[in-house]
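Structures for review follow.
Two complexes come next, and they have one chain in common, chain A, joined by chain B in the first and chain C in the second.
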Partner chain A sequence: MEEEYPRIDLREKVTGAAQYVEDLPDLPGTAYAAMLLSPYSHAQILAIDSTEAERSPGVIAVLDREHLAGLNPRLKVARHEHLKVRDDQDFIAIEKVRFDGELVAAVAAEDLRSACQAVDKIRVEYRPLTPVFDATEALQPGAPILHEERGTNLLFEDSLGWGNIEEGFRQADHVFEESYTSPSMFHHPMENIGGCLVQVINGEIDLWAPTSSPMRDASEIAHFFAVEPDKVRVRVPYVGGGFGSKTLVPSIYAAVFLSRRIRRPVRMIPSAEHSFRQNARHAAVYHAKLGVKKNGTITALDADLIVDTGAYTTGGATAVHNAVISAWGCYRIPHLRIQGRCVYTNKVPAGHTRATGKVQTTWGIECAIDSVARQMGIDPYEFRKKNVLLRDEFVATGTPRMDTDYLDLMQQAIAAIGWDGRSKPERPSDTAGTGHRWVKGRGMALSLRHGSQGGGRAYAMATMDARGEVTIQHTAPEIGQGTHNLIGIVAARALDLPQSQIRVRQPDTAVNLPFAGVSAQRTTMQMGKAVQNACVNLKRELFVLAAQVKGGNPEEWRLIQGRLCYGEVAFPIGEIIGALGGSAVIKCVGYHSVPPTHREAAFSGMDHWAPSAAALELEVNPETGEIRILRYSVIADAGKALHYPSAKAQVEGGAVMGFGHALFEETVYREGQFQNGDPFQYRLPVMKDVPEAFYASMLEKGDGPGPFGSKGMSQTSIVTVAPAIGNALYDALGARVRSLPISPEKILQAMGKI
Partner chain B sequence: MKAQGTFSLSLTVNGTAWSGEVPVEETLLEFLRRRLRLTGTKRSCESEVCGACTVLVDNRALSSCNYLAFEAHGKTVLTIEGLADGEELDPLQEAFIRNIGAQCGYCTPGQIMAARALLLEEPSPSEEQIAEWLSGNICRCGAYPAIARSVLEAAEAYRKRK
Partner chain C sequence: MLGSLQLLQPTTIDEACGALHELGDRAKIYAGGAELLLLMRHRLVTTEVLVNIKNIAGINRLAWDGTFLRAGACATHHALESSPVVWERAPLFADAESQVANVRVRNQGTLGGNLCFNDPHSDPGTVLLVFEASVRLASRRGERRLKLDDFLLDIYTTALEPDELLLEVQIPPLPARMHGSYLRLHRYQRPTLGVAAALKMNSGNIEQSRLAIGCVGPRPQRLVEIESKVKGTTLTDAEKIIAGQKTYLRELLRPVDDLLGSVDYKLYMSCVLLKEALHQAAQKSDLPLTDSPALRI
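Here is the complex of A and B:
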């Protein structure tokens, strides 16, 4: 019944009424900021001359390394529970630039054109240095060093292990080695990264910015500008997509700096080319050695990961850690050793990206599993069924037991494309006789992600007024997933009120309700539980009040469809709350705590597992290497979807982005520069790229730990696309592509044709 | 600041006539967003690639980021704000809500306006025609299947309405 209620953010979005940060009206006296970014990937800054820019018409102030007014430009790197990371990035370039697009200067002017014209007048003298764009090369002796004081491009190492790896390989009858690489790519939210509007009133920094974690951002800004945390307020209007990219990037610090300096509101409006240079996904090399018994039982996995974080640490700790703890896939592996290295290169620094660290490792392990099964003459489906973790199996210290049914997920995924799961018998890579005929192939892939990860306690607040209307306050931005709708549904169900009586506010850190942010698949679980808890508390308060006003014990009162009931008698909520007089509201806070973090358990702080299975049918032209995806199905374990169409939209959307990652997306660095950092050259999935038969669904057993049997599932569908394509391609041609994106050229190379 | 050329522009936007001086280099996107405060039309790529700024000029879909305001002189412009009839939504808008044809919503006004132009030209489009037409409108959330469903449903609703 509730699902009939339209998703609450969509009316504003389809009428153009929804406001994003750039749509907010100017504040009185607003100045406009423009940025100067480095054209070099690696260079020393010899001199900056801004004299001409400062004299340019309309200019109010210039910011560069010469104009810091005593501010320490060093940004605080995101801390990590398991890894030691060091602050390594200045918000504005000081001695060197380390990537094409690093912020070198910014100008505040009376209007945007004046600001842009002034930026062009800033003279920067660079001494170009040799850049390094490949993480493996960056680890070689003699490679250009990005951060001289460290003496190496290796930031840190992370590891995971259990059993005894030597013993595992002793038990194996066969040992296989497999390598798979993933390139850096760009999130490309449609709303560019790095825009904001900021003013300073009575010493309070008042920031409107598209971000996924306003509470964390407020505290980082307070720390950076050395003001008390209560002197920073972050508000988040609608956010035009993020996928991990919408964080506090240097342009936002520059806008805040300028606003404080000129004592006027400042608006930053980044171009698409700026956006391309604000964030990225980590490139990675996945190398695995697998030990397997004759009967197909996996005995050991020894994996080595090289993760390229770009010029600064940024999201490196989370990416490497997530890659390390996910590199074993979803299989029963008694002896395990995984090592991950985080490496600097002269690329745009990489933050978090939809299923951070996991897209790269799923591409690795799921192709490796398929390849090993094939080499042993075992059908990959049988091999998976034999080795995949089953419900209630122990997984690892600090994690829940396996809480899904992979056999069901696989069965549903293959059935959806009309496949029995059997692959073609092994045969040599010989398609010489096929001529121009398109060849069909089918493949599958599984994924497993730790769900609802970390971040401490999540809080929400529910307020009920005398009209019986409920307002939920929180700090979870609506970035596209349907977060606010989800909050409304949980509140309505917890209070047995129609959803039309629930108001969900936009996030505002002034309410001081901590939440780690809409990422890591945590919103349904953590924010959902916090809202549910706030509503349960609200109901309890209401019953206490009802008992005071009308008599009886609080436990005897019930809230049924918006009326307070005592035995056979029902009262309108307003009659009870109205008795408070004055403001006549009841207000309650609720929270959710993730399981506590243990330093020794790599997986700490997670509530549940988030798995999926995918099956795919394609056809490939062996003469040209062109691919057509014919059918794709992906089934995610949602526990129980709280709003089925929104959850389905997430599963579909993740898969669509996955097609881009798998088939054509890649940031290209050559000849010292970022070659395709603009909308013309960076190819994104369009409607024509969606396969005709595209089936996205969810396994719903109502067994999730979240509100009403739900669990986090939004990042499960993106990861399975690339390995499903790679495996289907092998099924078609007997040739394996081991590097993303899977271009026609790589297919022909894998076939030995070029 | 150096003197800029201006143009005496007269046009109709969402049924309302507008006349005034605009700089010759002002894009239609800037004109709509900054001068008329019609911010439903979005800025994204500014290079006619993504379709987020799509509006109709004399019933033809175009990217307002690469179209100068003065080019619309004497013409009729329709933006996302002009699509609904008061509180009553256009069938496209209703279908986008029903099918979750929008997620973050940033590309949505452009998708809807492009779809509107398609339905004016072809009241009964096939799925292939929809995919072909809307492949100039990027949705990074990947709502394409839902957008396609929305356009099919809206086409039917338009036909019934006639």
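Here is the complex of A and C:
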């Protein structure tokens, strides 16, 4: 049934009619803003002289630490359920700059060129300080301290454990230690980060911005500028990709500040280089000690994680928490201890990135499992089958039981690449001197994500008019993933109406319908349920009205294909609603409440598990270290896909992004600077990097808790790519790369050739 | 965002030379802009005036004059990779041009622009060293001819004077029975390494070779010491000799650790690609004469 609906945003996007924030027309009197970013990764600001910039043609106002008009520049860090966070970032640099790209000043001018020219005339005197880019080094005594008042670069610690770790290792016949690292990387959405259009009228801040969470943003802006929450209105046009990056960043605060100050609308247009300096993914070190019995049963896992959040907390709390609760993978581990430390370094602050914290830990645990199995002489597939959690098994305090079938997922993934899952029995003999012979290898990886944890209540509102047309209002942005289409489908199915009769509005916080935002793969589950409930309520109201107008009991009425039916008699909806008179409509709100979260249980507040399995075949040239991915398959448990093409595209898109993380992507900091913060030098995966035999699919048993048997699944496919490649590489060469991205150079190093 | 600048569009060499003579350092020559505009956008290069030389009649011409293949400064990489006369007279060069960047850059970028820019991460210079090409330069003061090896000085630096214009590149064909191969390594937009090798084989031995490596150091280099060492050896011996040349390569090429790789990686891959290029060049030497390179178009 769902295939009959094309995606509702398709036509606008394909024809170019879709409006993104930069496409919105200027408001009367719009001024343009430009930014001055720090060229240093760590420096003290001795002086800022903006006199010349202020006199520059077309300039209306300059913002820097000297021009704050009494505003407290300190940003509020998003609250975290489990960890104590402390505000540590100013929206504009005050005493110091702590990363290459920190906002130092902004200019509003009559046009963008005048604003850019004025920015060039701001004189900033810096005293460079030694930067630290490596989190492990940042923890060493004597390392440069980013936030002096804290006295350490250690931000906070999180942990998870069950059983008795000492006992676990006592039961083990073998103990293995494994380390894997992931670099910081950039989300690289097609639409740059940090742009907006803002006006302040009658004390109300009107903001149009690409963001994943308009309700949260509105409340943060209200808090920051000390105005009542209902005096901030955030509207979100189409968003050109986010992957966690589209949040309130300092440039947006700067635009709001300038607009308030000059009493004119302000448009902020970031460049690609600016965009690279607004957000990042956390770098991480995964170190694990695994205890295993002779028969291949895991007895203990002791993992130590270092999560590098960059210069400020931003998403550090979520990242370290998610890393800690995912570091054990999807295995039956009776004795567990995981400790995570979140650390400051002089990098672009890391917010959230598609499967925050888990790309890094899945790379760690899935390579470690493969490595341990091989060291024990056990086939990795057998090792996984023996240790993986089965349906209904107990996972940990406060969680639902395992609600997926890993054996099915694995079987489907390997079958899709024509593999029986067995790895090469012994390491290939030395490949030196074999010329340019390409060697094949195969590997697999599993992942487990907690589904839609936290976020509070999600609300949606459904309005039906006398024509029988339904409008859904909500605050879930369409960020490329198909949110609005999903909302339309849920509403259409809940009301048994054709989707052409459903209109899904763009998010507008003026409707005051709270939702945590399109992140953490919560939208299908939480917004989907809210929309479904709104429609169920709407239907009930309609039946009550029908009973009043035409007779009978509300329970006897049915809504079938857009007509109200009572027994054998059918009435047009309009006839019933029209009875209310005038321009009457029926309006209902629906909500979804997530289970409460509490400190004692790390997994509390989640309502399902979100697993996936991947299998991969590659060939590698042992002389040059070049890799070709030949076949890749990934199967995600979707419960039930509500719109198959969109869900499949999420699985595929995640995997392609995963290829980037696995093989190319890395933000490089060297000699005090961010070296590749531009699209020319930052290597993304391109079409030729995606294998021709690329199979992305879903397990659909209709057993999810979301609308119509669905569940969250959009972050499951990204995490398995890197470990599947790492394991296949080992299968091919008998050499293991332990740091991402897996470059030809690292392969040659692992083989001892350089 | 670029500031405002003046654009001059001369249609004759005299006019262009006149403008360059008057403006000197205040002007930059625009011959496609594939690299220039990128650096201007990053404000690494600033200029008041751009002199667009693409409208000069004949400056993009490709012709064989009986001695040289003459490639006009504004011939695009795409024109070079798809020109029958280039494939006929210098197939190795045409092949290397077909590997430059991507089709968008090849349509926009020009040979003259590429050589005058002397970005170390570039292909044409390396292969043209193997051809022992020359460049013809013009200014108000007259014309001069320089060997390409003397023209390419250092990173982003050439012998071109501020008032001078590169008119054309003169490419002599490879000597009779000499065949070549150009191989490159690229993981990012710009190549990590480019290797050109041309060989004349005689009864299984290397009679003469020309070898060059680019992208690894400040400028492309001919490997004269290796060329003399492999003279008279078999291919197998030549490969062994190359494996022992890392120190020579390190001193000659002066590689640095950067985004594209470490020094060790670049030197290792230089040897791998050099061996492979020799191998391919030797294979071409074995091919019967009927295998015209033109068939590859």
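As a working rule, the second predicted complex is superposed on the first by the 750 of 754 C-alpha atoms of A that agree within 3 Å, B and C clash if a C-alpha of one lies under 4 Å from a C-alpha of the other, contacts with A are read in each partner's own complex, and residues count from 1 in each chain.
The rule is simple: a residue touches a chain if its C-beta (ideal position, glycine included) is under 8 Å from a C-beta of that chain, and two chains touch if they have at least 3 such contacts.
Bear in mind the structure is a predicted one, so any value in this text is a computation, not a measurement.
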For this session: For A:Asp23, select first, second, both or neither according to whether it touches chain B, chain C, the two together, or no partner.
Result: first
For this session: Classify the contacts of A:Ser743 with the two partner chains as first (chain B alone), second (chain C alone), both, or neither.
Result: second
For this session: Applying the touch criterion given at the start, work out whether A:Asp49 contacts chain B, chain C, both or neither, answering first, second, both or neither.
Result: neither
For this session: Name the contact category of A:Glu382: first (chain B only), second (chain C only), both, or neither.
Result: neither
Seminar exercise, completed: Between chain B and chain C, more residues of chain A are touched by B
For this session: With the two complexes superposed on chain A, say which partner A:Val668 touches: chain B (first), chain C (second), both, or neither.
Result: second
For this session: For A:Phe680, decide between first (touching chain B), second (touching chain C), both and neither.
Result: both
Problem set entry | Touching partner for A:Asp304 - first (chain B), second (chain C), both, neither | neither
For this session: Please indicate which partner A:Asp408 is in contact with in the superposed arrangement: first for chain B, second for chain C, both, or neither.
Result: neither
Exercise. Which partner does A:Lys753 contact after superposing on A: first (chain B), second (chain C), both, neither?
Worked result: second
Seminar exercise, completed: Contacts of chain A common to chain B and chain C in the A-superposed view 271, 678, 680
For this session: Give every residue of chain B touching chain A within the complex, in rising order.
Result: 1, 33, 37-47, 49-50, 52, 79-81, 83-84, 89, 92-93, 96-109, 112, 127, 130-132, 134-148
Problem set entry | Sites on chain A touched by chain C in the complex | 112-113, 116-117, 271, 436, 623-624, 664, 668, 675-676, 678, 680-681, 683, 743-745, 748, 753-754
For this session: State the interface residues of chain C toward chain A in the complex, per the touch definition above.
Result: 1, 3-4, 38, 42, 185, 187-189, 259, 261-262, 264-265, 268-269, 272, 276
For this session: Would you mind writing out the residues of chain A in touch with chain B in their complex?
Result: 6-7, 9-20, 22-23, 25, 57-58, 114, 187-192, 238-243, 271-272, 479-482, 645-646, 648-650, 652-657, 678-680, 684-688, 690, 692, 694, 696
